[in-house]
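Chain nomenclature is as follows: A, B, C and D, assigned in order of appearance, with residue numbering initiated at 1 for each chain independently.
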């Protein structure tokens, strides 16, 4: 009797107001399965009639189960296939486990550290987001509940890859992860051929942050390149990521063969996409000064 | 730690589309505490930042804790103070317990039968709507989970008062409770001085049903009178109720003294309101043909 | 070809956020026929698929053509039928012309002054709100575009009735019309048997202003009485009005015969409604201290 | 006085429901400047506080002035830079003039025919969408108000490029432009080295149509390739386009030098983007069977 499926009506709406507050996405909710006020943010998880579970932090969509693969694959595999042999990977943010799941698809990885400031995100993911959180208990993974900016400061010359899977700079703890000081500390925490990669927002609603993030990263790393990917339920659907690198170039040093031999299933990322994602529309080159 | 209060943002919206679908009420949700698909309807209970808990059946607001007293007091006390000595009262619908709570404020009542077709509404009310459901376990009360139209057919010359606390005629089981056959069976189930009273919708969005309900009731009962009351979160805020009576007139036979001596606290209903509620705006007289 | 009727889809929505911002009414728009930023406020007029034209000032619904009669009849006829022979009537606000239309239905009225601070409201009404503005050019009417609080200060012992048809106290110029000083100046501007009547908001979303307005008016006028009426597209549908009077009592001195003999058509107000509207629900008596 | 700028409040909302009706984009409206029911569709143009004018057909966003360049440049320049010397170009749909504006940036074009079934879209664009409609009166352009499927049937071996700038297959006249018969007639209307290019929807909300359109086009043209581009206010932000070609390959026969020498300003399209846009995410390869 308890298994009767909920009928989705028009009555329960989730509304994400995009930066500026003048537009946004609405989604009907089948049900809201989790709402919690952590010390850091409001956490909600709802079920959408088509997109599966949706994680929302402070009113901002983190992902839907239907398209999170686009974001997580692009954030993780571009830097991990650029590095020839990534062993130690740090993920800052990403408490839902999606980035960790992608990182651990790489057999070279021996140690994956997830530094998520809010333990309630992790608990909620384990309970309600089974597809995301599948690797949170993997023995190669360690989880620290600490501010990412503080954590990175304590490590020197250690990581092969650092991935920043943060919330918006204007939400919760996100701001700490968009400063030049943070990028400098990431530089120091990386080994001599280390790679840094961060999500750097969308250039339609958040022009300003895209330019700021790119310019700060490029002022710290000798090689810096922005790339883009579709992320269909994020603001504008156009997402940017920025690589900061000490030595390796994501186009020149990237080894296509390793991608072709990769055993784990991927749904978005492939060799053509790796190269193509660095081709930027003219307005985005202009916005970030990349010519 | 678990007691941190949820922050209400702009992101969770409840939208009730009124009849016709061209207008409606939206309310922000602090959280959604219950969603269930019963065999009869979808049941939701959410917490509003100002109005307390809100019960919603098939996308239609049943009440908010902040104003349910307006509806329940007007539906119950007008007929119960019209009858000189109500002992046996039948409530059809009303599974949340609000009408029952008002009925049992009358010390003359010896037996209150609640006939609510959907047991899940009762369970949900007991769990989440403490102020409504307070009398659901009162020994004077019996609860039947049965279609109200069927239940009333099986009773003859038994009740002093029958109260119809239904959902909309267009939703779920509501339609059965707006037929002439049902009103006739209520007539037969009442004792010789019995009183029938039903909520009969709003005359702005649901003109048609207001007229139909009044006309059908008045074709069955020798005395029939419509009255109105404010119900601030119902469509239009203007709610109609219709009395059908075998002998007693709600204005002439109503005993003001009993109201003044009434021990239980009331927040809407009083002696002036009893009389005033039968004064109808001209357009409503015209709509129902009451001159 | 130009007469093809617009099809109303789901795409154009008007949303009124009620006081507090946690609830409100949405209405589909068939089309938006007028938008203007006057020096005082933003003015919009849209066509609703069922309710005709809708006037909106600073995002607050002033009326829909389908139910404005409820508000305008109750605001105007209660005071005008209380006064035995109203000749000089002042309307403060009411630039749409609805109150003026009702005032001029009384043949005793010789001079009706409309003091509307914003001339653009009047222009917009003449152009798009034909049913409202029908008497704006009546020779008995004079229109002043001036702040109502200033205008009333300049008149002494002149008016039989003053009607305040204002926007919300929190919107635009509305605040000036809710001060004790303003009410005192109205007292002085009235003749010795003069009657003051103001719309005084709704007691569900705007409890505070209902209490403040009633208390200030009652501190100035020897006789003060609040009454209510349904107003189906206003917040909560429950609207309050307050009479302040120098000598005449709206219940004792009101002449029922004049209503019965009234030639002009009315759709809400009638003799029973006049009396009944002064019966207040218990919570409203408590809110305003009227016992 | 008339130049006072409208203040954008929260009260006027445009809501586009995406395919399936379970999600969509909302945008605040500064004002609605045009609403018309043509014989073919409802046309609305509103001003957004950030994105400029927005054209809406039957409740579906056609573009905003802020990002239409993304769509129009990708739809037009990929085929026009693939063809070595485009002289005669047919645009089906595109009554707003945006595609025509891009086509006429190519100096080789001698004749550009716009076949837009609805003359009211053209009139509205000329009046309210100055940036779009700038070339509608260019002497090289001819405009036919005729169903595109009918028009193309009457031409044989004539055009160098045919561009389909249609509405959704489910809206208005859009369906005619997604049939195999239509694609066959386009084939016949093209010269021996002709290129066909159509917008083919988004693969998140409209998976089904993306696959159908690609498969039908590829069954008609010997060379068929899908490419993608960001379109930030379209559903999902991920837009697909499909090239059908008789002889020329958009990657092998494309002349990069002509792009680099192109005199007219472009904001999205560039040589890297041309090549990169044909790299498809794995799920999209699977959806369309392109391996």
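We adopt the following convention: a residue touches a chain if its C-beta (ideal position, glycine included) is under 8 Å from a C-beta of that chain, and two chains touch if they have at least 3 such contacts.
For clarity, every value in this text was computed on a predicted model and none was experimentally measured.
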| item | value |
| --- | --- |
| For subunit D, the least number of touch steps when starting out from subunit B | 2 |
| Chain whose mean Cα position lies farthest from subunit C | A |
| Chain centre separation in whole Å, for subunit C relative to subunit A (CA means) | 55 |
| Euclidean distance of C-alpha centroids - subunit C vs subunit D, Å | 51 |
| Length of the line joining the C-alpha centres of subunit B and subunit C, rounded to whole Å | 32 |
| Interface hub residues of subunit A, defined as touching at least two other chains | 15 |
| Topology of the chain contact graph, where touching chains are joined (line, ring, star, complete, other) | ring |
| Listing of all chain pairs that touch each other, if any do | A-B, A-D, B-C, C-D |
| Subunit C to subunit B touching residues, read off their complex | 8, 15, 20-28, 48-51, 66-67, 69-70, 202, 204, 228, 230-234, 236-238, 266-270, 272-273, 275-283, 285 |
| Of subunit A, residues touching subunit B in the complex | 1, 4-7, 9-17, 29, 31-32, 35-39, 42, 44, 56, 58-59 |
